[in-house]
């Protein structure tokens, strides 16, 4: 009894720990094991292939496209949301009238799933239904926006929709951080003769470092996980020009009955995630000390 | 400790939150027919069953042409909680039967004589080791050309029966300021056109290169030719076709924006929905060079191996799904033709009647094949290997020769 | 009220030992101040008495009953925190009543006790407010009220005045002292401010480096510091330390530039332990022992006044004598002027001698 | 004067950029609302509507689609619109959000205020769970639910959402409680409060900003989830997003885009409302420790 009383705090963690241990770590381990088998439609543990599935994934043309796209998408998506989010945050921080309304407008896409907005986005991007059609109908005959139909450009459409959804969240992060900056520093810089842009560049933006870190990690993991986005917008097309690791994994596991290959690609995504996340976790943990 | 806790909470929730397992006189059916004509069609079956005293628990999950439903189905089966029946395409029936999850319908099938009325090529998917495991409800034919009758009349065109006529017609349509061929831009839509072209090159080529995945046939001149024709067809599409849904392409034909579309017989639904009659305002003909041959895809209700107490309801459902009256009503709503060959054709439209006649003909001639694009040509992994190349070809400037080579490599790698 | 006995208490965090065998005994009704620079272990010791930190070794007894190992709530000890730690979501009334509520006292009795304490601390008008609406001094009172309300056997104060402005700090100091006198409570009070320690305590424990350097009454600590650390830590300005040698039974300090500055020669204070000729020692001289007037037993010396800091009634004079820097605390009327030579007197009767190596006092006990 | 001019020009530019950005962010919403209020011929550009575009306001206003989507559109065999599924989602959200937020709050409390050896490793391990792609857990989770006898129940679905919600809620609460002074807990202990009393009486009442953040976050995630809902819910417990998906997605059936869009808007209203109402508190919660910075 005394033991339990003394360990009560740790014991209260136990349910969560058990749940996460099983549903995160147990399942990751299982995925890794499946990636070593010859599982097709369902998990099977009667034929082992070692790391052959990894070789098969890496030699698959779709994976090649997926990795290439991920590099483009990841960079532009993270960069884009950071620039847009920071820009909007700085502008909103200029004592703007109707700030609340604008903020809500920037933030609301976070509330929506791509199941809700997918069709609208497809249409907006489509040259004969969306923006191009609209602008041409209204008289701007030379307006052209048909990236979604071009294999080389379609991935940028995915970036645009992704930025639309997540920029508001990044904006909120930065705005929160901006409001938390000690105003004395800014006053001091002003006394020292710094101009508006110089203050932002030299004083404020460096002070947002923690917010940058958080934003990069959040956006980074979203970019690795983004699946709904592609499915709603292009279904991986044209052809498989907008394939991403996440769509590759889903497609192979569930549509193509190549579960072992899907698992292998999942494990590689997890490795990528770990590389990105662990330094962040490390800093999170030091933060609390 | 935690397990009991979660179990306790779970039990509590499931009590308060109204989840009842399928009762003995109910069937739980997983499918992806959720809207429009499909939903209306499935409602017919539900009503039919209700009349027989069997309840219907609906587990529809739409999306990705059944992909989402198949994913959810896998979760259900892995959880040890399969539905009574699930809609499946032919190859998927085979996969699940191979895994040993499907039940045996022989009792019903024998009593009702399914073997005599279902074409053998369809039977091949509905049975496993000589036992019926799935009830086929329809036969779709994916290789149709749909055309705007107004444009054709205006330009004095008739439905093409050869590729030369097809291209001549397309040229004329383009010259008149319309889109020659309305296209949708998804891999399955592209494959629907390509497989029809392969069939038009020769049914024997289709059989060798697609059904048998013969490497020599895949690298043959005939396949190169099919890609050449495909390239020319693609040339008549408007530039914005990528990613377009098939029904929007159909709408282009209906509105007179485009002259023709190559699409399966489900396109009729859009025509009817627009208040028009297939065969009149929107003309239909099989893809040039494919008359006498027949590609099909069939929706099955695969029956899972359920407990004794649920089997009566399950048999009821199989029987209802295979009844002549249901197959007629259902397929009239769906645009397809019955899987039974003994359903009267009188109520079907012109296009449907053509299909029904061709089906019998093709069965006799041995030119009835499963459609690759629609899950009846190859297992999922191999099918995807074909589709990868076809869609890549359609969305790049790959040469027909290179496409044939890529096909050999891709399919060879997936086998 | 109860006596408190801290017996060889040790605390380790991993490999580092932050408290080493600390022993302190106080009587019921004592006001013990633990004083020392930050990091000396005084707050850790307080938390161990409170039961917030576990002991690594030793015992703590309250009224002769062992309490280490007991839950904080089982010890019947109240604590006032540096940040006051008022519960932000509760009104003042609820804050004060909280310990009673936890003890399961009935509502009417709670209200009576709260009213009594509010009366005592004159915070009756604040009872319905939330802590956020209070000033620093008001919060301080509420925190004390919360501690007083349940008549604990021991009060702990953890630097309770450090968040107040200077004037309020002095007022509260007096008030706490008055409260102590009136209620006769046993108090352990942590501070880094030696003035607080001197003014309030009946017993002081000067701590440094995880150990008690000296434990005694304020007078003992001030007049007979056990070592150089205690001597310099207590008192402001700090005690002057002059290094030199024993020569011919006297203390001789050599200036840096010996020839120019000459030497400072002083008799050894009475009560010094016997010292060998030529031994290096350190002489401790409090600034207030330097005077412009001769007194009984005082020694004259000449010094140059470098700088004067007036504080009102007193001045602090920075002196240089024979190459040694000294601070003197003199009455303002003493009439010294900067940059002049002055003739001064040193009261050697109270001076102390330390071992320059160990810092230990070289006075006979 | 010149400086004033320059300043007002600058302000003008700032407002212009902000308003243009707002326009971009509103595009899909405008398209959806307009489309939901149009009739089908106008949407597909049928006869008489050749100049209609996705962004032009409806010429023939029609609220019919909204009514259909809410209560009478056919989804498979049931022609009852989305109405029935609303309740399922609400039930799911209430259980899943309250349990995951409660557990996260307690975890955050323990991990910040009752430190023990190895606590940061445990926190790190919990946090990593934020980053797991949901697609890979589908099959193993299905098996687990089967073993627990929770397959196809609301309880099972709640369990899944709780599992993958805990990492986020723990992160929020832990980072918030780190900023609460430890002395408050010490004071509670001195005053005789126990582990739970300190939490419920002292901490919970001051934690509302972070509760708002955690609830908004979890509410949005659970409400918008399709994958888990489609895979783990039973026929009677399927959430709204699955129904919406069934409404808008069809493989070989015809589409009524106005109904689709109306349905999408209906399904999105609760989360949008939560953001509009709670947005301000969301920002405040972020400042008060949900995210360091």
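Which chain is which? They are A, B, C and D, in the order written, and residues in each are numbered from 1.
Just so it is clear, contacts are C-beta pairs under 8 Å (C-beta built on N, C-alpha and C of every residue); 3 or more make two chains touch, one makes a residue touch a chain.
Since we're looking at a predicted model, the values are computed, not measured.
Of the two chain pairs examined here, A-B and B-D, the one linked by more C-beta pairs in contact is B-D.
When chain centres are defined as mean Cα coordinates, C lies farthest from chain B. Chain B and chain D have Cα centroids lying 36 Å from one another. As a whole-number value, the distance joining the C-alpha centres of chain A and chain C reads 57 Å. Each chain gets one centre point, the mean of its Cα atoms, and the points for chain B and chain C are 90 Å apart.
Along chain B, residues 64, 71, 74, 78, 248 each make contact with two or more other chains.
Multi-chain contact residues of chain D (touching two or more other chains): 138-139, 141, 159, 245, 248.
Annotation for chain C: no residues touch 2 or more other chains.
Chain pairs that touch one another, listed by label: A-B, A-D, B-D, C-D. Chain D contributes residues 11, 14-15, 17-18, 21-22, 24-29, 31-32, 35, 51, 53-56, 103, 106-107, 110-112, 114, 116, 120, 122-141, 144, 159-160, 162-164, 166-167, 170-171, 174-175, 178, 195, 220, 224-226, 241, 244-245, 248, 257, 260-261, 264-265, 267-268, 271-272, 274-276, 279-280, 282-283, 286-287, 291-293 to its touches with chain A in the complex. Chain contact summary for the complex, chain D toward chain B: residues 44-47, 74-78, 91, 95, 138-139, 141-143, 145-146, 148-156, 158-159, 230-232, 234-237, 242, 245-256.
Chain A contributes residues 14-15, 18-19, 40-43, 56, 61-62, 122, 125-129, 146, 148-151, 154, 231, 233-235, 237-241, 251, 254-258 to its touches with chain B in the complex. Within the complex formed with chain D, the chain A residues making contact are 8-10, 12-13, 15-17, 19-28, 30-31, 42-43, 84, 87-88, 91-92, 94, 96, 100, 102-113, 115-121, 123-124, 129-131, 133-134, 137-138, 164, 168, 172-173, 175-177, 179-180, 208, 210-211, 213-214, 221, 224-225, 227-228, 246, 249-250, 253-254, 259, 263, 266, 269-270, 273-274, 277, 281-282, 284-285, 287-289. Here chain D touches chain C in the complex through residues 181, 183-184, 186-194, 197, 201-202, 205-206, going by the rule given at the top.
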